[in-house]
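Take a look at the structure set out below.
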Amino acid sequence: MGLERAFADEPAFVPYLAAGDPDYDASIEYVEALARGGADVIELGLPFSEPIAEGSTIQEAVVRSLDAGMSPDRFFEFVEELDVDVPLVCMTYYNLIYQYGSGQGPEPFVEKAAEVGIEGFVVPDLPAEEAGPLRAACDEYGLDLIFIVAPTTKGDRLASMMDQTSGYVYVQARLGVTGAKDDVDDATEESLARIAEWDVPKAVGFGIKNGDHAERIVSAGADGIIVGSALVDIVAEGHENGDPADEVAARLEQKARELKEGALRGAQNRPQPEGT
Amino acid sequence: MGLERAFADEPAFVPYLAAGDPDYDASIEYVEALARGGADVIELGLPFSEPIAEGSTIQEAVVRSLDAGMSPDRFFEFVEELDVDVPLVCMTYYNLIYQYGSGQGPEPFVEKAAEVGIEGFVVPDLPAEEAGPLRAACDEYGLDLIFIVAPTTKGDRLASMMDQTSGYVYVQARLGVTGAKDDVDDATEESLARIAEWDVPKAVGFGIKNGDHAERIVSAGADGIIVGSALVDIVAEGHENGDPADEVAARLEQKARELKEGALRGAQNRPQPEGT
Amino acid sequence: SKFGDYGGQFVPEALMPAIEELTDAYERYVIDNEDGFMDEFRRRLADFGGRPLPLQRADQLSARYDTEVYLKREDLLHGGAHKLNNALGQVLLAKYMGKERIIAETGAGQHGTATAMAAAHLDMPCEIYMGETDIARQRPNVFRMRINDAEVNPVTTGRGTLKEAISETMRDWATTVETTHYVIGSIVGPAPFPAMVRDFQSVISEEAREQIQEQTGGLPDAVLACAGGGSNTMGAFHHFVPDDDVDLYAVEAGGSSLSVDEEEGVAPNSASLSTGDEGVLHGARTKLLQDSDGQIMESHSVSAGLDYAGVGPELAHLVDEGRVTPVNVDDDTALEAFHRLSQDEGIIPALETAHAFGYLERVAGPATDDRAAEPRDEHHDELGDTVIVNVSGRGDKDLETVIEETQKRDLDIAPDMSIFNEIGGGI
Amino acid sequence: SKFGDYGGQFVPEALMPAIEELTDAYERYVIDNEDGFMDEFRRRLADFGGRPLPLQRADQLSARYDTEVYLKREDLLHGGAHKLNNALGQVLLAKYMGKERIIAETGAGQHGTATAMAAAHLDMPCEIYMGETDIARQRPNVFRMRINDAEVNPVTTGRGTLKEAISETMRDWATTVETTHYVIGSIVGPAPFPAMVRDFQSVISEEAREQIQEQTGGLPDAVLACAGGGSNTMGAFHHFVPDDDVDLYAVEAGGSSLSVDEEEGVAPNSASLSTGDEGVLHGARTKLLQDSDGQIMESHSVSAGLDYAGVGPELAHLVDEGRVTPVNVDDDTALEAFHRLSQDEGIIPALETAHAFGYLERVAGPATDDRAAEPRDEHHDELGDTVIVNVSGRGDKDLETVIEETQKRDLDIAPDMSIFNEIGGGI
């Protein structure tokens, strides 16, 4: 439980890639390029065969990764092999976590993740109501469990999530799944207002494509930005064109830099809070 | 009313052809060939578009004739043009007879038929129950109306038909429609027995293919034989092979001769009635 | 055995004894319920067929036409059309008569499939005659018959369509009358078929008459049914015939035109009640499409099941009497009505059935250029406030035809299907 | 929202408010009949759907198995399968909830067609997601949906089949929850779907339980239903669950084999109750076909409608409790049963349904080499003297598959179709 530290000094840039997309070795290079590009936390997707919460961009990444042989055990090897100095979060679906313990619950998966250096989880199909056992295992091994707050999340549900989330909170900036729309929704400010009193950093995701988007989101009050599809697009395009992995890695690094810089600009623009 | 005369001296040979099969001119030749071959009465089919009582051989003849333009008016021309010295019977379906009078009933058709020299009718879809108007018109113009006695015709129906039939009676030798089976049913004798007291000549049909069949039927007591499919087969085969009409006519004449001679042999074999 | 001057028994002599035997059986079992025949028939119609079937108020159509429109849902009968009412009745009757074998002919295949189902249900061997052209056009129905264990005998004579199949079935029957029953599929053919088939189908109007009274407290102002041979028509009308205030509309297939090509012997419609005249066809005197010689014309309809040159003699009689009003709608109107019922009510009707709805639209629908002269409200004088339409069958069987014919016509109401052209696979 | 340890709500946070709203609506309208919702639902099921549906004694099968076999005739429901019970219920509920739009996913197309029909009937815009591979394989169903005015959205991601269509529908819903209801087609998905779909489908056992008592004076010894997702299964079982003496058999698709190819991630069957183990799929904890990592396996069945890697959580629970017995039959046995029911009873069943009859044959049928050791009479100990089989749907949709799969196998019972190879035309 320490992902908060990545948001402490400046707005955090939190990129996502599906581990093993399009193959194990290239993916190692790509993740390392994101770290070089300024990532503060990296969300690594462990692909599940039924990614019901993903947009088509990430869904296709998941298929590429699975076709190339990714599995939970390979994922843990992947994490161990990574040469990055950035906190890593595992983003996956609950069945993989649950099943790793041969039906005994999430604890064996969390134990193994902690062992290889994972610091937290995002589990898109695990709402707060079903999260008890995973939350307990995370507590046991000192890992964070990050929840997603949607624009539709209101009232009692917010309170219940506030109790359970740690590390940071993933703020879904607008309705829809991980997506590729070009606009940055003005509802970001409103979303942030609803969780203003939460004491975890607020990372905003869904739809951030470039430095300008990043800047506007941070200006609106986000403690960090989460970017997935825009990066996966670069991987997909490189794969389709048969580009060498180092070229694709360079593009990812450059995109990461653009996004991080946008976030930094956003922090400068941010209106000073009144009062405090 | 005089077709009985054709059966008076010796067993009658009654061939059938569809008028106009495969075309008007050839059909004239064919009918005349039958006369030369020894026909005592000729049944000329006036083709109807829905020949429900015919076997497939005659059904196909009907289609050829219709396709070549046969119609009731052409049929009457056909009859007028024929150069034969044999009584002619028109075999057709009731709708053509009925409709010729523009829905006024069968009388106009019968009048026209009488005018061109037709001496009688066989109407396969007109049972005795429905025959009143046609019987009356035939009486008015002096034409015969020939009914078909089936193996299934029994009891009251026989009596009613006996009252109405004139010229000759068409004895269907076995169940089935005009057909092409090779056997001559032994039921012929039984059929004849059922109408033994009728005072019209008994012509037996359905399935007679050759002189031997003809002989056996007459031996069994028939006053005449009716032959259709075996002759239509010759027309069909000639048409399919593109044979010249005169060759086909020669074959028909030969077949007619064979059948007539068979019938004559049959009469010699016939057991002398006891008593009378 | 007559309906006025119509009807009768114009069949080959060899069949007359079978017709007499059938007449006797019809009177004993169907009319007099001997051995509880009708009880068993009704029980099997319920358990096997799914009767009674709903009389459903059509919400969207009622609003559209400002008239209470009720649907008699024969499309829900086992097999997907009213056909089973008759097929089940006749196969059961054949069993009571001690027959050992069932034959039938079929054109579009609906009667064949119903007969095959009924024969399988009652454990009777069954053979269906079908023209080879029709077999190629209607393969799903052919497969259904075979799967129900019926023999399907391809008829190769002539053009290989319904008329040849009828001849071939007659021929079979003429040879096998003693052991075999020929299940005629409509209210046509020699007596007693027209009356018997009507009696089996009259369960439609028997139910509908009770249901409409339960639901509305009164009788309808009009009953609409499509009419080809006329079995669903008379089935839907029969129990309303004595109700003089109930108008009965027999909606025929107007095809592409009501005019006739005598030269080709083709009537591009199947509107024998509207345009035909008296003659003798398939065993009965009735109204039919014929040329001036009396040769039967080739009929036409986009709906294979209406595509017949004759019509039941009882309907011909009721039209002459003025009790039934014959009307017709053309192929285009029927196709539009097919799409309208599918879209507005969630019921995909048979193309036959769609004709009845096409007439409803023509009489009661919103004004169009064609109808500009007739103010909207006038239809109430014609159809009245409450109308029953007989949904004689479902349209799954017609999907291919509808798509093909719709694309030819570019109808406004039709759904856009172009997306599927880009994705492979046959219908 | 749980059935023992099964069930739950494993969905993205964005959907949770919609799930809560639906739970509230389910409790008010379905459970408490607020605003007469259930009355309207039942009225529409009757008028539009054709309920009640018969419980028919199967004469030939009863003789074959020396057991009273009763058929619950869901094949007669409008649309041709039990699917409409649920689709109509959910679309009506969406209307009561003030939703303006319906979405659904479909694999084989049966749920999509039922939803499109219900939406047309209730005048609700409707979009159906369907994988492009499935669109190419199931074109008649695609056309039916379009003809009922539903948009069909081809899903081109992945392999273009059901799983991608489910993801795509979830994605739509996550964006449009405020105005849109997602009609899930079986007793799967997050709570309240499993309970709600079961309630809509439970009309099957409600009717059957009354009918069997009317007809036999007592309860059956066993109820058999095929099980894929399990909606017809729970529908047929629900009201018998408290009757401890009534054995409940869920007949799964054994496919070509019960063994699993972990390497390929393929289970050549869909027998998740028989062979699967606990996991989380599509919003619920249940039994499913997965590899040792927890990745979902590709399932298989000759019947597209059973071809699903999961099963309803309530069924998983009832199996664990010992109340429901999971059994399975393989593709061959199901095909044979398809032909047997078609030939012996005149009912062409869906291939899904045929599995239930395949089990009946295996347990109660005449001795074969495989069964030589089990004497004929023993089945009475197992199934008892009176058995209800749920005929979940009709098989018209399966004709192509059946013919193709039958020809591959050369089954003794299959009708000879070779005659049609000589005559042109596609299916």
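Lettered A, B, C and D in written order, each chain numbered from 1.
Basically, a contact is a pair of C-beta atoms (placed from the backbone, for glycine too) under 8 Å apart; a residue touches a chain by one contact, two chains touch by 3 or more.
Note that the structure is a prediction, hence the values are computed from the model and not measured.
A.B. asks: For subunit A and subunit C, what is the smallest step count along a path of chains that touch one another?
C.D. replies: Each step joins two touching chains, and the minimum needed here is 2.
A.B. asks: Identify the chains adjacent to both subunit A and subunit D in the sense defined at the top.
C.D. replies: Common neighbours, subunit A/subunit D: none found.
A.B. asks: Measure off the straight-line distance from the CA centroid of subunit C to the CA centroid of subunit D, and report it in whole Å.
C.D. replies: Here subunit C and subunit D have centroids separated by 33 Å.
A.B. asks: Based only on mean CA positions, could you tell me how far subunit B sits from subunit D in angstrom?
C.D. replies: Spacing between the chain centres: roughly 64 Å.
A.B. asks: Take the average of all CA coordinates in subunit A, do the same for subunit B, and state the distance between these two points in whole angstrom.
C.D. replies: 96
A.B. asks: From the mean C-alpha coordinate of subunit B to that of subunit C, what's the distance rounded to whole Å?
C.D. replies: Chain centres of subunit B and subunit C, defined by C-alpha means, are spaced 38 Å apart.
A.B. asks: Inside the complex, what are the residues of subunit B that reach subunit C?
C.D. replies: Its residues touching subunit C are 48-56, 59-60, 63, 66, 71-73, 93-100, 102-103, 124-127, 129-130, 147-154, 157, 161, 172, 175-177.
A.B. asks: Over in the complex, which subunit D residues touch subunit A? Could you list them?
C.D. replies: Answer in residue numbers: 8-14, 16-18, 20, 157-158, 163-164, 166-168, 170-171, 174-178, 265, 277-283, 290, 292-296.
A.B. asks: What part of subunit D is in contact with subunit C in the complex they form?
C.D. replies: Residues of subunit D touching subunit C: 46-48, 50, 53-57, 59-60, 73, 75-76, 78, 80, 116-123, 132, 135-137, 139-140, 142-144, 146-149, 152, 154, 339, 342-348, 395-396, 399, 402-403, 415-417, 419-420, 423-427.
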